[in-house]
Each structure stands twice: as structure tokens, then as C-alpha cells.
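Naming follows writing order (A, B, C and D), and every chain is counted from residue 1.
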């Protein structure tokens, strides 16, 4: 919406189409970048604190020397980010310089441009394309290229291992994710994100909100398949094999330090938000309120979308600190012998269920 | 940071920038897991739940590139001394070294008959803070880390060195 | 079986290989180094003895002019009996057959004794130093060992000689 | 379908690696993910223990035995002290025997806690490591109460112990045992019955019994392969024959006998057995003077002795040769982790890279003891 409104508004001002387009894109891109930055700080702080509470620890409390990290360690992520920016920028001599420099930005771009189609509330969406969800799934696989470039260019055996594993993992987990989204689109009939959400208003089976997750058991299973393969796409435990700390030192990021490492860190959290965003939009009714009818204004819509997304991110963090790590071949078995067949069965199930119950 | 290091005249703007940089670096010193011997077990106990290192912002990193502080915890032998030097050189600036335990500081109980023991890690690597003890208690290690944080904050990376 | 019975069976099987030596304790047998591999395989495969566990290989330097000794402790899981074999080798050319093929644990034990004393185990597939670096000079645990001056440029300090009391 | 034989990649799981339990270098020849050959390189922590013990008196060797296996220092002292007392024919009073058994078993629990926690870390589960460390800290408090040190105690001297038990030691120890027993159930729920953990450990790194004996493997690694061998039962030393406790063996519930899960499970059950021993030992703990049989001047008779004791990692043997002077002529320490690591080259062949880390973790090695 906002891009179209901006374009019309500029059109009234004067006749400068190219400049208008650039201005519109800029005006939309900067707040998204700020949102990602602030959200990433909050998510990193959340991860530190939640993981510490789960482990009987206190987490960053800012008890160091001087001002340190604020009251409850609130400034810890800020300090981390600032320190990472100020660190020496090492490019290994034997590394493939251009690819090495480019890799983190491609991984970040993969995550950044997917924000264009995320519906934050009724009208707060950058570009409500009619192929919204298809666009996000296509774009978020750009990150794989960045990871492979990172792994290959740093000319280090560990990062090569990490890159190969992450390539195999992300590419293969896109199949079940896409199949479970097909199950959703069969019900909503439209690919546009706002359209999917509008379809999910009203009641189903009496008291339940008409979210797709409650519409029939097959979409219920499709939600879990989508969410878990989304976790695998962000390389989070139990699928965090590419940056498996105990095996591959630091996986594809072994040779990165300072600012570039911060970008990888940032894009991991951005990816997590995208996966949660899609899961919320496709299955949990986006900005629809749990009790249809009341609290439906755009302001509340933003609140519902963000709280659902944040809850899913909390679940991802929760996964990370409880589950051990799968081995690479077990991971592939789970994907190809487990999720993909079930996702296909879901598609047929949704169709038959839809036909029978109408 | 290399280009801007020590290039500016000392005035209020540069001083406050120094304080900000010092604050950032001292608040989140990520330490490099470099456990060699008994002190490594005490370092793990310090990073565990009771004496939590994350309280003072220290997160364990396993790759030298992403770590700021290298805690040499345990006896450095001749065979290992060369590796310590190589790993130190791989760390990104600004990097600091804490020599934890009397073995790393001066060879500890092995100083007299240890033909294979390096008498002190400062032979191969510049050390910032020495933590005495064999093994030092977790509180002693945390006190050493706080000393290091004070030292980082006192650094003035931007102002020109008074020649 | 008690150690004395084991001594008799070995004397019967391999005449002339057992040397009787008074200072040794009752459970220790001294053997000549030349037939050692056959005796070792016999100790392991003979159903009556069945020493399937090689507990420990210890190198001993018996003084300035005395021989270097390589002592093996054997134990049988099945019969629960133990024996210790002592083999003396002369100081300047300590050579003995390696039992690494018979007990796989002997591989590392012998490499360690070689590293510390310089006892060469013939037939050992991979006889390298295991504890000290490959390019370390001298055999550290010999009584007359002098630590080398520097190692890769790092000064190795002298060990003080004055009496410890 | 022919096997595609790519060229081998040599990988150094180098002296500095998050999961090599210290300074161990594994040279690994891998073909893709499958490991075709492993060569462990050790000696990065060789601190010349045997050279030291030829230059310091018998009492001064005890702190060095502490630092060999720094996770189970009490058991190291115990091994050295039992061997010395057998050499010098010293009969220690009953109270000392009971105190030593209590301390050794407490230290066994602490060592197993660290071993299981770090094993969870190697397989990727971070939280159990911290829970187990939290409980290990309580045991360290008890040690701190008795002998003032957290990790390296120098507590057991030849002929006695350095400090008598504090005033209400029994109450504190029983309190810890009551607190700790339900915690084992918590670890089992969190890690042992976790499907992913089973997937990663069952059937991985199988150590058949005969290969284990041939490699001189001992302790929980050997019992994991189903061989019923425990020095406390088969060559009883000190007063272990007075306590009843079973020897847990690997049965291969979730895979074949002798896989990594069995070694993990044997250690978990051994903690329960140690609790039983401590309870019995505390129940009939006699009183008496602890320092009476500590000899002023240790001058053992000329002779040599080799004695084994059960440390948490296996048969810890001391070969002591004395020539009548107050300085030992030769002390050789046979370390159980040394032989366990020598079998890694055999077990971990053909497994994948992440399994090698899991198998190494299940062997529970300590580099201080391997390199001495």
C-alpha cells in the first residue's frame, strides 16, 4: 500500500517518475532497516535473557565496571553491536577477497527484501503484491548463495564444511515449507498476504477464530511442518549444523570478524522474523484478533501481528536451548522421508476435506 | 579502526568518543575458549550457572576471529606454546590476554623440573592481566576480568599519544 | 595360577629364557629379550594363561651403568591372575621385539617408553615420540638427561642441581 | 551402485577445538563427511609428572597426582596413597578409610557429572551441561568445607588425611544426597530420553568387548561394552568389600551393546551406585584420630609395587619403585584415559564427522592424565 500511495502522492506534486520511484523506495526501505536493527537488538537481548533463565543463570545484568550494560543488561546488545563495528576487519590473505566481502551482504539482502511483503497490519505493508507469499519464499532462498560464498571464499576447511551443510539443509527444507504453503493457498485462493489474512476472519466451529490452523486437521499439521522447516531454514537448533559450535568451530562464519560477523548475526535474526511472519500470516491469522469482531482496529492489528511473531520467535529460542543437534544425514532423512511426504498428504487432505465439508 | 587510531588532538569531542568506544569494548568482551588444563575446569565453572560470566557480558566464542579476550587457562607446554602464538595472531584487534593460574603466569608447580613446560605464557604472548592461583577460584577469575574491563575503559584509542 | 607355576610353565615351554634374579619380587619374572615375541604370543593365546589384558609397560633406568629395563604387567580377565615380566636391555643399544601386534594397547605404551627412554621396539609399525614434540632431543626420563638449551627459540631453563633437602 | 571415491581431505581437529576436552589434536582423513582414518596426536599437555616425581619427596608427589586427572583428584590421591601404604605396610585407622571412601565416591559423582554434561555439549544440548554443573558446585562446596580447595585437594596423605571432617559433615552430606537423587531423574527426562539424543548416540561408536580388552580400555568404557570388571569389586582395596553396590553394565537398550549410549548410561547408573555407597559409609562412620598413622619421615623399604584402583575413568595404576631414600626412584602412572583414547582410532573409523565428536565425548578423556 504505502509504495502505491507514495507514488500517487508524488505524481500529484510534479512529473518526475524515476525520482519518485527512487524516493518512494527509499522512504520505505529506511524504516524497515531501522525496524530490523531494533528488532534484532531486542531479539538478541531476549535470547540472552531467556537462555539464561532457562539455565538457572542471571544473564547480562550489567554488573561490570562503570556504567556497563545498563540496569538489567539492557544495553548489552548495543554494546555488542558497537564493539563488533569497531573491531579490526580481518580478510584472510588466502581468501577470495571479493566474494568474502560480498557474502554477508547477500545473506542480509536475502532477508531484508523479504520484509517488503510482510503485512504488519491492515494498511501497513510496503508492497501488497498479488504474489506476496510466493515472492517471500523465492527471495528468502537468496541467503543460501551468501552462505556458500562465505564458506567457499574464506578458504578454511571448517567454513567449507559449514557452507556445504547449510546449502544442503536450506535448499532441501524449502520443499516442505513450500508444500505446506500450497495447502494454505488452496483454502484462501489468493497469494497476496492481505488476501490470505482477510480470508481468515470470522468464526469456525462456533467459538474458534477462523484461522487456517483451526480450519481442518491437515492445515494444523501443515503449520507444524512449516514452522519446523522454517527453523531449519534459519539454521537454528536442532538443525544448527552449519554453525555447529561443538563440531565445526563456527561453521561458515569461522573466518569472519567484526562488522561482517555482525551482519551474519543480524540476518539470522531477520530470517527468524520472516519465518515467524509467514507462519503468522498463513496460519495464525496475521493481524486478526483472536476474538473476531472486537479489537480489530489497525493499531490493534499491529499489536496482534507483532505478539504472534514474537511468540513464535520465543519458541525458536526455546528450541535452541533444549534440543541436541541432529546429524546431517538424519536431518536429510527427516526432511525427505518425513516432512515432504506428510506435506504432500496434507495437500490432498485439505482438498478432500474442503470438498466433503464445503 | 586502524586508520583512526591515535590521530586526533585531545579535546572534549574526542574524549567522549574514547569513553564511548571504551564502554562498548569493556561491556562485551567475548572470551576465547582456550582451556588447557585444570584452570579450564574452573573457567567452565565460572561460565556456568553459579558464577555466571554472562553477568559481565562475556560470551564464550570458539573461533579466534570473533573473540576479544584470550583466557590462557592452564599449563602452556613447549609444543602448545607455538600454537598459542599462532592463535593470538589470528585474533582481531583490539585483543587482550588474561593469563589464568600460576601455570600460565610462570610455569606454576612445574617450574623446576618441567623440561617441557613453558615458564609463563608472556614469553610468547603479551599478557594484560595475570590471575594468580592454582587453580584460581571463580571469584578470582571474575576479579581479573573486571580489572581487564577497567583497563579497557581507561584506554584512549583515538587521542594522539603525547609524544 | 600362582606366579611360580607360571614361571615353571614358561621355563618348560621356552627353556633357557627365564633368568632367576633374587632382588625381583615373587610375582616378577626376568626374561631374555631374544625370544620375547614368541613368549608374548604364547602368554596371550595359551588357554591356561590367557593374559588378554596388558595393564602397563614401564621403562626403568637402573642407574648410571646399569641396563634399561622394560617391565610389562599382564592380567587375565578369565583366570584373574597377574604376572610381571622384566626384560633388561643394555644401555647404548636398547632393542626389544614389539608386542604391538599382540596387544593393540602396546602401540601407545611402547611409543611412550620409546619417547621417554629411547628403548627401540623392533616391528612397531609407527614408532614415533608420543608426548614430547617430534624434534625433541634426548630421552627425558633417563637419569643422565640434560634438558636442551632452547626449543624453537624458547629458552628451556636449567634444572637446579643442589640437593633438595 | 559403486562408491564414489573422492580424494581425501585432511582435517585437523586441532589442539584448540571447542570439544576436544582440552588440548588434543585429531588428524582426520575424511571423504566428504565419512571419516576414513583418525590419528590422535597428544602431548600438548605433557607436564613431566614422572620427572617431577623423581626429584621431589613422597609427600610432595601428592599435589602432582592431583593435577594429573584434575577432574577426579580425590581418586588420584586415593590410588597413589593406597599403593604407598601397601608398599610401606601401613594400616590406617577405620575412620580414615571411611572418610576416603566418602570423598572418592563424591568425587566420582562430580567427575561423572562433568563428563555427562560435556557429552551433552558435544552432541549439541547446552542446557544439561549447566544443570549438571550447578549440582557439581554443591559437591565442590562439600570438598571446600573439608579441605579448603575446590578442584585440587591434596587431601589424602600417605597414612591418613590432611583434615578431619568438619563438625556437622554428616548432615550436610546427607542433605546433598537427598537433594541430588531426584536431580538424576531430571537429567534423564531432559537428555537421556530425548529422541534426538538417542538418535545421535545409540549404535554410534560400538566398542566390542574383545577389542576393548585388547585396547586395555577400562572403567565405564569397558563396562559399557558389557565386560563385568570393576577394580573395587575384583581387586578390592581399602574397605570397598564392606559395601554392597552393583556394577552397572551396558545392555544395549537402544542399540547394540557397547555403543556411546551405553557408556553414557553406565556413568549415569554409577552415580546412583556411588550415592548408595556414600549413604552406607556415612551411616557407620566411626570416630577416631585421623593423624596418628601419618609417618613423620616417609622412607619406604627398597622394592617396587604396581597397584590399580578404580578412578571414574577406569583402572588408574601406580608403579612405584623405591630405593630406600625419601625421594621415589621411579613413579609411573598408568592412566585409563590414555588407553581409551588409543582405541578411538579403531572405533571412530567409518563414522561421520559429527559422530567422531560424539564418540570422543562418550570416552570421557582428560588430557592432563593422558599426557601426564
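Keep this in mind: contacts are C-beta pairs under 8 Å (C-beta built on N, C-alpha and C of every residue); 3 or more make two chains touch, one makes a residue touch a chain.
Since we're looking at a predicted model, the values are computed, not measured.
K.L.:
When C-D is set beside B-C, which has more C-beta pairs in contact?
P.N.:
C-D is joined by more C-beta pairs in contact.
K.L.:
Whose Cα centre is nearest the centre of all Cα atoms in view?
P.N.:
Answer for the innermost chain: D.
K.L.:
Indicate the whole-number Å distance between the mean C-alpha point of chain C and the mean C-alpha point of chain D.
P.N.:
25
K.L.:
If you average the CA atoms of chain A and of chain D, how far apart do the two points sit, in angstrom?
P.N.:
Measuring from centre to centre gives 45 Å for this pair.
K.L.:
Roughly how far is chain A from chain C, going centre to centre by Cα mean, in whole Å?
P.N.:
Centre separation, chain A to chain C: 63 Å.
K.L.:
Going by the touch rule set out above, which residues of chain D reach two or more other chains?
P.N.:
Where chain D meets two or more other chains at a single residue, that happens at 17-18, 43, 46, 48, 51, 54-56, 130-131, 134, 371.
K.L.:
Could you check chain B for residues that touch two or more other chains and list them?
P.N.:
Each of 49, 62, 79, 112-113, 115-116 in chain B touches at least two other chains.
K.L.:
Using the touch definition from the top, which residues of chain A touch two or more other chains?
P.N.:
Residue numbers touching two or more other chains: 55-57, 245, 249.
K.L.:
Name the touching chain pairs, please: which are they?
P.N.:
Pairs flagged as touching, ordered by label: A-B, A-D, B-C, B-D, C-D.
K.L.:
Once bound in the complex, which stretches of chain A touch chain D?
P.N.:
Checking each residue of chain A against chain D gives 51, 54-57, 157, 161, 237-238, 240-241, 244-247, 249, 320-330.
K.L.:
Going by the contact rule set out above, which residues of chain D touch chain A in the complex?
P.N.:
9, 11, 17-19, 33, 120-127, 130-131, 134, 190-191, 194, 196-197, 199-200, 352-355, 357
K.L.:
Would you tell me which residues of chain D are touching chain C in their complex?
P.N.:
42-43, 46, 48, 50-51, 54-57, 210-211, 213-216, 227, 229, 234, 303-304, 306, 308, 315, 317, 319, 321, 327, 330, 332, 334, 338-339, 342-343, 346, 371-372
K.L.:
Would you pull the chain C residues touching chain B in the complex into a rising list?
P.N.:
Those residues of chain C that touch chain B are 131-133, 136, 140, 145, 147, 151-152, 154-157, 159-160.
K.L.:
Can you check the complex and tell me which residues of chain A touch chain B?
P.N.:
48, 52, 55-69, 73, 75-76, 78-80, 82-83, 86-90, 245, 249-250, 253-258, 261
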